[in-house]
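Listed below are the structures to be examined.
You will see two complexes here that share chain A, one where it goes with chain B and one where it goes with chain C.
So, the complex of A and B:
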């Protein structure tokens, strides 16, 4: 492990974000081309190295605890990294690296790239902060950094769509983050601690009934961020209006962080209250509603946004079931969802980049123009609908089996039906974009540029690898699953010195 | 003392009311500010103690630490509120700038008229 790796993982993108405007000014003065892009990619790759260096210790079953300023945990702020944190951190950094490479060409037609990359690195810093911290107020602060950067990123192009979507997103999401702050205040008033490990220990099996209010507020707050069904209104607008690279980042990384916060705070802290079944129920509702709304969409990015809501349902269902198999399936699906959802948004971005629209009524017959992109879209579509031998099948199958083992046949049946619906609307999308009659003005559309194709093909390859060798994925999420089920290890590691 | 909590929750309720039911972007943003201020008042009240002293140990207080601890207010909520105020300034600034852009594009601040995305 690189010394001080946990804190470096947060500080590196934060400082890189503030250096970005300087780099932009220097590059303009000296006439260096693409300095900002290279700087951002270098920063994210260095981040990847830092996070990967923590892997051996955590996979070995250790919980890394880093005390800021040398203060003992219940009093000082600490960073605590167990299997769950590290899995999420790896997903976040990996997706961010690919999105940075993708932005290299995708964003070249935009102006104000200084701001874009500053916000990109700031949202990365926020996400890493939420993922690695072991203090609940610190988690709220980084959550806000993440949210504020994401409002600005949605509004990045400053046309009427993005302004409207950003305002909508901001009003709903600010309400959510205020709820999180209020429940942190209520928790502090009730229990007198802000350290997550300490809170878990103080609850110790008996949760006073007064804590139902903070539980509900936390659930609403994080639920807005991950767009769980009754709170999902902002997401399709935001994803449609944001640049596709940003939408890819949101759907792959930010949602993953939101789900992590949901699992760490709501599920692990209040787990005794039977939160699991509530999460599973909300997951089912998200699944069904997301699938039905996706069926009627005509814009590719809106369709992908609704299918993201639908996939979120599977993750919540798996984790909510609470068995070893269920949590394994849910976390594996979280991992897979980040892979193919990012890939599909990137493909939507390349279509917008080459054709100029993502309205499926105006597209058609692009198979001959962009065969490689079409193949990648097909792989993504099959993976997301859970067709073997793709990674989506492996994780969905684990969740189905977990549902049957628990005796919840209804859950499994609904999940299966929704899977079929997913296939239906993705085939419809594939049909109207790549097959059928090609409008005359699309005759000269070219294949995706190679530097945008590299991240897409990499993700497509991952879809196949984890589909053919699912045990690789299960092995990858096992430390995370053990961390979710063994909160005692986390508590004793954090409070070990006390 | 109880009055603090009542007022805090009243502010929170008022803020949520403004946020959800007002038909003007500026009023919605004011609602957001009121809501967070309510939460800040609530947080500060948790740590407050009637007739308490500032939680700074100096000079002669070192000789009577338990006595000092019995009188000082809780510093943690104050630190939290300071952080939270800074965050909310960011949100308000961003929200107001977005409201300016929205007014330029649509010529209105009525959120029910700013909805072209749904088609």
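So, the complex of A and C:
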């Protein structure tokens, strides 16, 4: 492991974000082209190396505890890395690296790229902070950094639609973060600690009924961020208005971090209260509503946003079942969802980049113009619909089996039907965009530029690899599943016998 | 890997799927060779309510793609869809409703 890797993983993007304007000014003065883009890509790749360096120790069963200032938890702030948050950190930094490469060409027509890359690195710092911290107040602070950066990124293009979406997102999301802060204060008042490990240990002595309000506020706060029904309404507006690179980052990385926070705080911290079935129930509602709303969308990005709500339902259902297989399936689906959802938003971005619209009624017959992009879209659509041999099938199948093993036949049947609906609305999207008669004005549309295709094809390859070899995915999420089911190891590692 | 009772061999299944794709493609190519396409003006003209349209002007409305499903689930779309029209106060109303539902669900689970 690289020395001080846990704190470096947060500090590197944070400092890189504040250096970005300086890099932009210097590059303009010296006439260096693309300096900002290269700087951002280098920072994210360095981040990837730092996070990956922690992998051997965590896969070996260790919980890495980094004490800031040498203060012993629970009095000092600490970073605690187990299998769960390392998996999330890898997803976040991997998706961020691909989005940085994709942005290289996708954002070239925009102005104000100093701000874009500053915000991009700032949101990465926020996401890494939420993921790696072992302290619930710091989790809130980093969550705010992540959210505030995301409001600005949604409004980045400064047209009326993006500003309106950003303001709505900001107001709804601020309500959610206020709930989280209030809940942190209530927990501190009741338990007298902010350290997650310490809170887990002390929860045994707390009267359960006094935890209803903090748990409800946490669930609602994180539920808004992950767009869980009925807290989801901001998401289609924000994803439609944001640049597609930003929407790809949100759907692949930010949502993953939100789900991590939900699992770490709501499921693991309050696990004694049996919140699993509440999560599973809300997941089921999310998948049904997401699928039915996606069926009637005209805009590809709105369709993908509703599809994201639908897929979130599968993740919550798997984790909510609470069995080894269910949690494995849920986490595997979390991983897979980050892959194909990022790819599909990137493809939506390439269509907007080449055609100028994501309105499916104005598209059609693009298969001949963009065959590689069309093939990648087909792979993503099949993967998200759970069609074999794609990765989505492996994770959904695991969730179905877990549901049947738990005796939740109704949940499983609904999940199966929603999977068919997912295929239906993606067939509609594929047909509307790539098949049928091509409108005259699309005659000269060209294939996606190669630097935008590279991350798309890499993600498409991952859809195939983790579908054909699903045991790789299961092995990848196994340390995370063990961490979710063994909070005792986390507590003893963090508190170290205190 | 095992997925409970039954058998799923992803590599075998993938190979079988690829084989089926190859056979289907061969049948398609063979069919095109035997029966060549013979387009005529009458065949390719698009007729809509008394008007002749250029092929490039015709595009299925994506929202109506699954109109039977919309009809079957009419009440869902009638009551749920208006909540997604971008009005901020409606969004905030549903956040409050969500909080109440979650608090009630937790209370039910606890007692």
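In this text, the second predicted complex is superposed on the first by the 494 of 498 C-alpha atoms of A that agree within 3 Å, B and C clash if a C-alpha of one lies under 4 Å from a C-alpha of the other, contacts with A are read in each partner's own complex, and residues count from 1 in each chain.
One rule holds for everything that comes next: contacts are C-beta pairs under 8 Å (C-beta built on N, C-alpha and C of every residue); 3 or more make two chains touch, one makes a residue touch a chain.
From a predicted model like this one, the values you see are computed outputs, not experimental measurements.
Of the two partner chains, neither chain B nor chain C is touched by A:309. With both structures placed on the common chain, the touch criterion links A:237 to chain B and to chain C.
By the touch criterion defined above, A:171 reaches both chain B and chain C.
Using the contact criterion defined above for the overlaid structures, shared-chain residue A:65 touches neither chain B nor chain C, since it reaches no partner. Contact with chain B, but none with chain C, is seen for A:137 once the two complexes are overlaid on the shared chain. In the superposition on chain A, contact of A:185 is made with chain B only, not with chain C.
Ranking chain B and chain C by residues of chain A touched puts C first.
Once chain A of one complex is fitted onto chain A of the other, the partner contacts of A:194 are limited to chain B, with no touch recorded for chain C. Looking at the shared chain after the overlay, A:388 reaches chain C, while chain B stays out of its contact range.
Where the contact sets of chain A with chain B and with chain C meet, they give residues 164, 167, 171, 175, 237. Contact residues of chain A toward chain C in the complex are 164, 167-168, 171-172, 175-176, 179, 208-209, 212-213, 215-217, 219-220, 223-224, 228, 230-231, 233-234, 236-237, 273-275, 277-278, 281-282, 289, 292-293, 295-298, 325, 360-361, 364, 388-389, 394, 397-398, 401, 404-405, 424-425, 428-429, 431-432, 436-440, 467-471, 474. Within the complex formed with chain B, the residues of chain A that make contact are 137, 141, 144, 148, 151-152, 155, 158-161, 163-167, 170-171, 174-175, 178, 181-182, 184-185, 188-189, 194, 237, 240-241. Against chain A, in their complex, chain C makes its touches with residues 1, 3-4, 8, 10-11, 13-14, 17, 54-63, 65-66, 69-70, 73, 76-77, 80-81, 83-84, 86, 88, 90-92, 94-95, 97-99, 101-103, 105-107, 109-110.
For chain B in complex with chain A, the residues that touch the partner chain are 12, 15-16, 19, 25, 28, 32, 35-36, 39, 42-43, 46, 76-77, 80, 83-84, 87, 90-91, 94-95, 98-99, 101-102, 105-106, 111, 114-118.
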